[in-house]
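What follows is a set of structures to go through.
After this come two complexes, each holding chain A, first together with chain B and then together with chain C.
This part shows the complex of A and B:
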């Protein structure tokens, strides 16, 4: 393990590792087949900076308006001793009337350092899990951590609710609306992936303290504005699938050794190096680009440029429709009949020729 | 509002329409004399309409909401009034909502942020130089300033300390105090009724839709009875401790946890 950490440190170069958060950890699971992303993320490489260095700056990031809106909605839900939230939790989780205790963990006595907050969170959650009577119900902005390839990633869920029934629930407050009981599925999926990261971190923490993992519910409470107003509503989201994907992905990071062993021992992605050298190094790590990457990975524009001319750049659906033929030139050649189909390409070649013929007829 | 004036205007509008139609017909038919006469009538009618509208406006003006003017009171006095009404530590948002509902003048939210720092500075320069100070509530566990809660220094220490149950207890007490104040008002409208509705929405049994102060008080008191005892035990114990360990400044503005030098960078896993 330490050898791996050393190797990743060397790969990153003499710069501080980029801190993971729930969003980036969740993104690790979005394209599990991509070794490039896996290696860069595990090494804590600042992908945005590398991409800029290579001449492919990405506009990737969260809009500050979205962040502002999210913060305002969270403040509203938590105002007046979490009055709105308490109402929803009583409705959804069946919190009993005496369960209203609230602990603010966003600072500890004016000290906002992550380590202090983590220690405090740990002691409060340990007390709650140990089943004391007045152990607390709502933990606002607790600090959790998860070990990613030798480094601790610090994570800050919006809130953790503890029910006297003995279960912890992760509460995720999001500002996208639930209209008529329906929300944007992509946003719900992203929220579920993030929440799964918190659930996993909670479970690891409680496991360290000697409590079984199922003390943390595998359902998370998603709080969103309802319909077109600003009133919050809560729904339970099952994150079991996201949890198992995440666990598998995090397990895989340690298996990066195989990928790293195939790379030159002295390879480094130090941004101080000339762009050409860094590009060569990055190209040495296999990537599997899909159009989805554009929304989740800072390296996407570089990878897209790299696989220009390959049908993979058009997405898995198109790639499969083209019968797994890799190059766009080959596809066009087969369709126009200027290229003789290789072994196993006869069927797709006749389909492509037919499609080409139809197109010609339509256009003429 | 003024049906009489409104009615007169409508009659005039109909007349103007009729005159315009007649004028158009006259102009199309080439009857110049009639057109000139009609044009004169139309001008008269339009002038009458303008006058009626001006009269209507002047009558309606007083009922339009008066623009909020800056209060003559200083901001600390305004906050003091709102907190005295609530009797419990409160967040700036609630203080502003209460002020808007019950007191004249405007409380500027932006100025609240610097208030706490100014108060502390003033106290350090001349301790107890003012009859009261506005300080943070103190968190029961570490006796540190609680995030975003203001309290008045003349309250007993136990009332300025917030334990784990206090956010809810203070919310319920605020609800009761606000509802009692509203019950005493002759007319309830605007900010006051919105405030009451906000409280009622998250107290079980306080009713939804039409909200009555008496019902809110009853529901809040019922829930308060569940928490009050253990909350005050918490607060009293913490106040006892605070008296022993805090000096004057700290008991008003909270103790700061001295932070040992801890690296803020990513901490390396220790073997």
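This part shows the complex of A and C:
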């Protein structure tokens, strides 16, 4: 493991590793086949900075109205010791929660250092888990951590954890609306992926203390505004699938050693190097670009440019329709009959020739 | 997505320009569509921020909410929008014509409204705005202007029509353009109106990829809404909102709306330049029938409620209708357009070939009276998968059905029925002759029985049992909108 850490440090260069958060950890699962993203994330490389350095700045940003609304909604749900939230959990989800206390873990005696907060979270959760009765405490802003390729990523969820029926539940507060019982599926999926990161981190923490994994529920409580108002509503979301994907991905990171071994020993992505050198180094790590990356990865515009002339840049559906033939030139060559099909390409080649003939007939 | 479209995308990459996917336009375009470019405040469910709307490119109306979080201002924005939309709808009811169809009303409106929004987000905005306004009441504690719930009803109606294949009452222009041209980028990138138009009709001195790359710069081409560019929100909109100066706010929002307004009309002109498919007026007539019926039901006060969620039976019935409409729409397009027919041929669901044998006088004598049922034999090299009993229609003779009798590739024997006149010998030229090149594709009006669904009162317990009658309530009318 140490050798891997050393190797990743060298790759990143003399800059501080970029901290992971639940969003970046969840993003690890969005394109699992991409070695480039895997290596860069494991090394804590600031992908946004690298992309800018290479001349492909990504237009990421969040509107302050969206942030403001999110914060206001969260504050509202948590106001008065989570009064709203408790009401929802009891009435909507039918969870029997006894008298509750509220523990804010965002600072510990005025000390907001991550390690101190983590230690405090750990001891409080340990005590709660050891109780036979539900301790009835809402833990706000717990500090969790997850080991990613030798580094601890500290996670500070806007979340509350509580215990009911002998199990811990994770609460995720999001400000996208649930209208007539339906929310934007993409946003729910993203929230579930993030929540799975918290569930995993809590499970690992409690496992260290000798508790079985299922002491943290694999259903999370998603709290969103209902309809067009600011009134919150809660629903249970099953994150088992997300959890297993995440565990597989995190397990895979150590297997990055194989990828790293194939790279030159001295290779570095230090942003102080000239852009041309960094680009060469980045290209040495295989990427698997899909158009979905544009919304999830800062490197996407660089990879898209690199992918020019490949059918992958046109989307998975097109790539599959073209029988997995990778290059646009090959596709057109097969379609026009100017290129002899390779082994295994005979069937797609004859379909392409027929398709080409049809287009020619109709458009001439 | 199909192999033919995928190939067209590959060709577009090589050519640096979008490639046609059709030879005709399959979507009706009104002479006077109502173009609507909405903007919403980020982070809110459906908080209108501004809109540019109108049926004349040179004279758009710009609506602005000075404080998007203020309920009163929001409803006055909706009332203003309602004024424009409702008067546009009313102007479509000026002339009527007799309805030749046996079903439906005797007369129908000669025109119908057509709403154009930039993208799928615009469709969703219409749905949410309709949902948040249609339950309002014009009396009582939460009274709003009477045009507000009316607009809600109409927007809900339009949004529902947009799910029906072939309906042209509410269209997202990115979807219409993408159905007619293949670009050298992905579907995801096609969702940007500016990038899509860049591939189809690049500006002077540019090619598709360059124009699409420029379109990704939000300073040159602001997003086509309803969400705005985050850096615009942070750097321009936020200060303009806090300044309380309506002038600077209007300037800021116009800068985001005007480029898209221009793109919308450019897209309309590009689409108009395509020749119209033969069945387009048929589908528009169906839209006009639906419009006539809905307008009449509103005037009689008999419009069906538009509940928040469909009951199980209603939802199943709707899905069934949508599926049958989709099949009919696909078949109509195939008959109108050889390039769409080519999709079917590639999939083995249609075929082209030459008539190599014909028995034009063949009669079927199995019934009480003999009927004329000519046989023809078609030789085809298409990779068809045919079984006896399948029926096809040829674009050249849409009134005639051809049923497969025997398949022995490359030969296919077809039995023809209909479209031959009333006599026992076929009218001159009404059936394909020897040596004629023919194409046979899916039959448009092949009878597809509607799904057999229980009545509402007989909803099975598996689907929640008979649903409670929907009664609009005070809670609906007073629903918060914040």
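Quick note on the criterion: the second predicted complex is superposed on the first by the 323 of 364 C-alpha atoms of A that agree within 3 Å, B and C clash if a C-alpha of one lies under 4 Å from a C-alpha of the other, contacts with A are read in each partner's own complex, and residues count from 1 in each chain.
The rule is simple: a residue touches a chain if its C-beta (ideal position, glycine included) is under 8 Å from a C-beta of that chain, and two chains touch if they have at least 3 such contacts.
The model shown is predicted, which means the values in this text are computed figures rather than measured ones.
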item: First, second, both or neither for A:16, with chain B first and chain C second; value: first
item: Touching partner for A:81 - first (chain B), second (chain C), both, neither; value: first
item: Superposition-derived comparison: chain B or chain C, residues of chain A touched; value: C
item: Which of chain B and chain C A:248 touches, first, second, both or neither; value: neither
item: Touched partner set for A:100, first chain B, second chain C, both or neither; value: first
item: Which superposed partner A:175 touches (first chain B, second chain C, both, neither); value: second
item: Chain B versus chain C as contact partner of A:331, first or second or both or neither; value: second
item: Which superposed partner A:313 touches (first chain B, second chain C, both, neither); value: second
item: Contacts of A:127 with chain B and chain C, given as first, second, both or neither; value: neither
item: List of chain A residues in touch with chain C within their complex; value: 59, 61-70, 175, 177, 179-181, 225, 227-231, 291-292, 294-295, 309, 311, 313-315, 317-318, 321-322, 328-329, 331-332, 335, 351-352, 354-356, 358-359, 361-363
item: Complex contacts: residues of chain C adjacent to chain A; value: 1-11, 13-14, 20, 23, 41-46, 128, 131-132, 184-189, 216, 218, 228, 230-231, 233-234, 237-238, 308-309, 338-339, 342, 345-346, 382-383, 479-482
item: Complex contact set, residues of chain A against chain B; value: 2, 5, 16-17, 19, 44, 79-84, 86-87, 90, 97-98, 100-104, 106-111, 113-116, 134, 136, 147, 150-152
item: Residue ranges of chain B in contact with chain A within the complex; value: 91, 93-94, 139, 142, 144-147, 164-168, 170-171, 174, 199, 201-202, 204, 223, 226-227, 230, 254-257, 259, 262, 264-269, 271
